[in-house]
Amino acid sequence: MEAFLMGTAVTWLAMAIRMSIPLLYAGLGGLVSQKAGIYNFGLEGMMLCGAFFAYYGSYYLGSPWLGLILAVIVGALLGLLLGFTSISLRVSQVVIGLGIGILGLGLTSYLYRLLDQSGAAHVSTLFPIIPIPLLSGIPFFGEVFFSHNFMVYVCFGLVILISWFFNHTTQGLNFKAVGENPQVADSAGVDIIRYRYIAMLISGILASLGGAFLTLTQTALFIENLTAGRGWIALAAVILGKYNAWGVLLACFLFGAADAAQMQIQVMSLGIPYQFLLMIPYIMAMLAMSGVVGKVRAPAAMGKPYIKQ
Amino acid sequence: MSETILSPGSQTSIKARFFVFARNNLGIISVLISLLAIVLALLIGAILIAIAGINPWEAYSFLLKGSFGNRYGFGETLTRFIPLLFASLSFSIAYKSGFFNVGAEGQIYIGAIGALLVGAYISNLPPVLHITLTLLAGFVFGALWAGIAGLLKIFLGSNELVNTMMLNYVAIFLVEYLIHGPLKDPHLFIYQSSPILSSARLPIILPKTPLHAGFLIALASIVIVFYILYRTPIGYQMRTVGANLRAAKYAGINIVGVTLVAIITTGGLAGLGGAVELMGAQFRMVAGFSPGYGYDGIGVAIMGRHNPVGIVLAALLFAIIRVGTGAMQRGAGVPFPLLSVIQGLIIIFVIASSYLISKLSETTIGGRA
Amino acid sequence: MQKLSILMIFTILFGTFTACTPAKAVPGQTPTEATKQIRVGVIFSTTIKDEGYAQAAYNALMEMKEKYNLDVSFQENVTDAAIKDVLRSYASDGYDLIIAHQLYFTDPVNEVAAEFPDTMFAISGGFRADHPNVVAVDATNWEASYLAGTLAGLMTKTNKLAIITASESPIAKRMVNSFRSAAQAQNPNVTVKHVFTGSFEDVVKGKEMATAVIRDGADIIFTNCGVGNFGAIEAAQENGVYAIGSSVDLAGKAPDTVITSAVLSPGEYIKIIINGYMNKDLEWGKYYPMGVKAGIESLAPFHNFEDKIPQEVKDKLEKVRQDIIDGKITAPPNE
């Protein structure tokens, strides 16, 4: 029995990590843009485009690396589109984000149909799983944490990097100032517009990588609307994570774990309505927002375009 | 047009003339700019359609024909217009009061559940009473659902944008659970709720089309909402709170009370939209009851710049897109993904073009001609 | 003043829209009137590129279009919220035959059909026909699963099987019960685990669910969850276990993993409906559940597994098949 529970826990945790990584990439993307004071409501569309172009690159150009590069380029372009409209044109970030979602769904489906005229299976090349030597041999933890593909490890690395950047570098603190109080930052000589553009560029790339993770490591196929709403969950994870990279990591893991638990509970044949399990992370995000699970405060200048006085 | 402020012969006179014209006709110019943006998006769409080997002119003629050109399409467009209008009114009234409610989608679902409980499970009522009670239930349930986020904001200072968004997911999972369990129609093989009784259904107002009396309720709502906002003391207080919280405090406005009114009306309007959709069009709760009306409502309200005429026009545009793109698929065989691309382009272009409108109104009204 | 002018513009635009449309509409319609082509409208709830249920129907539709020179139109991704409007649009546009390709469209079709008694409606994959102008054609949705269960019961080495569905609808439950009782009829020691993904559209969840049941010990997975099937098959391939596909023959996706598929021939419903309409040999007002006997349900060819499956297994399968045709095996419960 104990061995069985242990096995289930390993399966569940490893699954939870795989389910949470695409959310985490996109969530970090959302975090970077929100730190600079811009809502990225386009995460879903950017993820979907990333997933398609990564798949396309890997399938047509024959290497997942080329797929990854394509995804980065497309993500950067979409980030700049949202950046241009919200920073330079100062129009509604929320609605443009929604527009990018609809556009992304249409564009990827259309290109996929052009590609898929023959009806044969197009299977792309995936990144292999790289067990980390020694560490992967540790019972339990080895399989949960150290037997994944390289994009998982990179993602954890990004969490450390982003957290360090925002808390320990001048540029990182400038970024925060841009999101908190652009007037003050401006008078201190910080180029608001430039910082916000950089934030959107990175945000787009990270969101796109979240989609690319799905098609470069999880499934070798592309299906219309492959991301199936994961971008929106990532947006929620940014708040549940209290605008902090480590928090976003935990939040994404919670969403992934709830989803994995929902599946695992079925395998274990327990009769809990799965809808309630799926609600938990959203309710937790609300509680977090309300100070019940620690206080969350959004950057003060969130959503407000900056006009130089 | 007053000639007096022009300085004849100066280099800026044409520019100045234009600004005076623009100031007096800002509404028309806004509409023209938006139309231009739509045309631009449609032109790009036309190129893509042509690449797909379809005659774009024919495709677009189906867009218009499907949404206006025949009696049924006309009725269908106005029917789709109803939930969009409710959702956008819900967003606008809250926005004007400083409450950012992106939760109309969830409030539509919960409002419809409220209407379902009264409409399907209370019988032997005369239609007028039953319809009134069912609408009321929709309003109350929607208001209560928004109230969760509202109370969290009032008492804990919690960000309502995030909470209303989270509540959308919770609402959709909750409805999914309800139609799989307690509210499932026992006579059906599949997961749908029981239908609401005929005494709670809204009558069709344009025969041989789906257009139901909810249209009249929607039109009445828009009048009432903007009457309240601009012609009553509470409306004035709401706008003051929305525009400048500090000024509202100095003026001695009861912030909590005003915010509560805003929350009840925003949730109630969205819930009413759900109730009307259930009572006039769908009759049963199904998974995917609202195909994103709540989110579209945000787009409609922002595109319509929170004014009644703008909202009506923008809601019509969204309804035309919803109905007309279906006709483009059926009639001209335009593939679904392309329609999605065109829709995305229209939204992005129209919103981006609002930059020009803001710029113009700043310059002209700010008098910096 | 400002608002008035906006309204004026709007009225003018509105006028132009309505005024110029009929002129454009006429030339488009004349050729169809002249040749009296039969007009068929088909409604899909998903994209036609799902590599399964809808795509098979779409391909069949194109085949029928060629065969009878039909004027075919279709609309994809129609939601439950929009289905009635789409049905009415087709009907008021004067289409002769309107086919809705989805179980959940059963009620709306029956409701709308009552309003258009002169138009013929069909529900492909539906289960009820309330009016003389409606026909419902569907698979039994359990016979092919029974064959799949028989094969899986005979082939498993771990005595653990799994079935993945998209939902826990009564139809899914009947498939599960069918698969389970068939497997246990051959091998009483077999346990069958049922899991569902909650979505017909999530390929990644299909893969994760499959991984979970494989970890639990299942060595043959019967996957029945829309596009999730492709994820489940990938998981089976990566873990070196076997998969049984569903709906259409999925062997092409992974020839050395997919033993066979429980074929439901969704394309055939469309063919039966259109052939029946053209040749006037299908009785409207009825529900036709079709199974193994009608050739609608079957196991797909074994392809690469032809030589790996022992002859005695094939013989037992054939006997079960015959028993189903002879009515010796009855429909399992859907609870």
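Residue numbering begins at 1 within each chain, and the chains themselves are lettered A, B and C in the order written.
Here is the rule we use: a contact is a pair of C-beta atoms (placed from the backbone, for glycine too) under 8 Å apart; a residue touches a chain by one contact, two chains touch by 3 or more.
Predicted model, so just to flag it, every value in this text is computed and none were measured.
Q: Would you say A-C or A-B is joined by more C-beta pairs in contact?
A: Taking the two pairs in turn, the one with more contacts turns out to be A-B.
Q: Going by average Cα coordinates, which chain is farthest removed from chain B?
A: C
Q: Measure off the straight-line distance from the CA centroid of chain B to the CA centroid of chain C, and report it in whole Å.
A: 35
Q: Suppose each chain is reduced to the average of its Cα coordinates; what separation in Å results between chain A and chain B?
A: One centre to the other, that is 29 Å.
Q: Averaging over Cα atoms per chain, report the distance between chain A and chain C in Å.
A: 34
Q: Which residue numbers or ranges of chain B touch two or more of the other chains?
A: 180, 335-336
Q: Where does chain A touch two or more other chains at once, residue-wise?
A: 109, 113, 224
Q: At least two partner chains per residue is the criterion; list those residues in chain C.
A: Residues 47 of chain C touch two or more partner chains.
Q: Can you tell me which positions in chain B touch chain C when the two form their complex?
A: Touching chain C: residues 25-28, 31-32, 35, 58, 61, 64-66, 68-73, 76, 79, 180, 188-192, 208, 210, 277, 281-282, 284, 286-291, 308-309, 313, 322-323, 326-327, 329-331, 333, 335-336 of chain B.
Q: What residues on chain C touch chain A, complex-wise?
A: Checking each residue of chain C against chain A gives 47, 49-51, 193-199, 201-205, 207-209, 211-213, 215-216, 227, 230-231, 234, 252-253.
Q: Write out the stretch or stretches of chain A touching chain C in their complex.
A: So the residues of chain A touching chain C come out as 7, 11, 15, 18-19, 109, 112-113, 116, 120-121, 214, 218-221, 223-226, 228, 259-260, 262-264, 266-267, 269, 274.
Q: Okay, in this complex, where on chain C does chain B touch?
A: That would be residues 2-3, 5-7, 9-10, 13-14, 17-18, 20-22, 24-25, 28, 41, 47, 73-82, 84-86, 88-90, 92-93, 103-104, 106-107, 127, 167-171, 334 of chain C.
Q: Can you tell me which positions in chain B touch chain A when the two form their complex?
A: Going through chain B, the ones touching chain A are 48, 102, 149, 152, 156-159, 162-163, 165-167, 169-170, 173-174, 176-177, 180-181, 295, 298-299, 302-303, 335-345, 347-348, 351-352, 354-355, 358.
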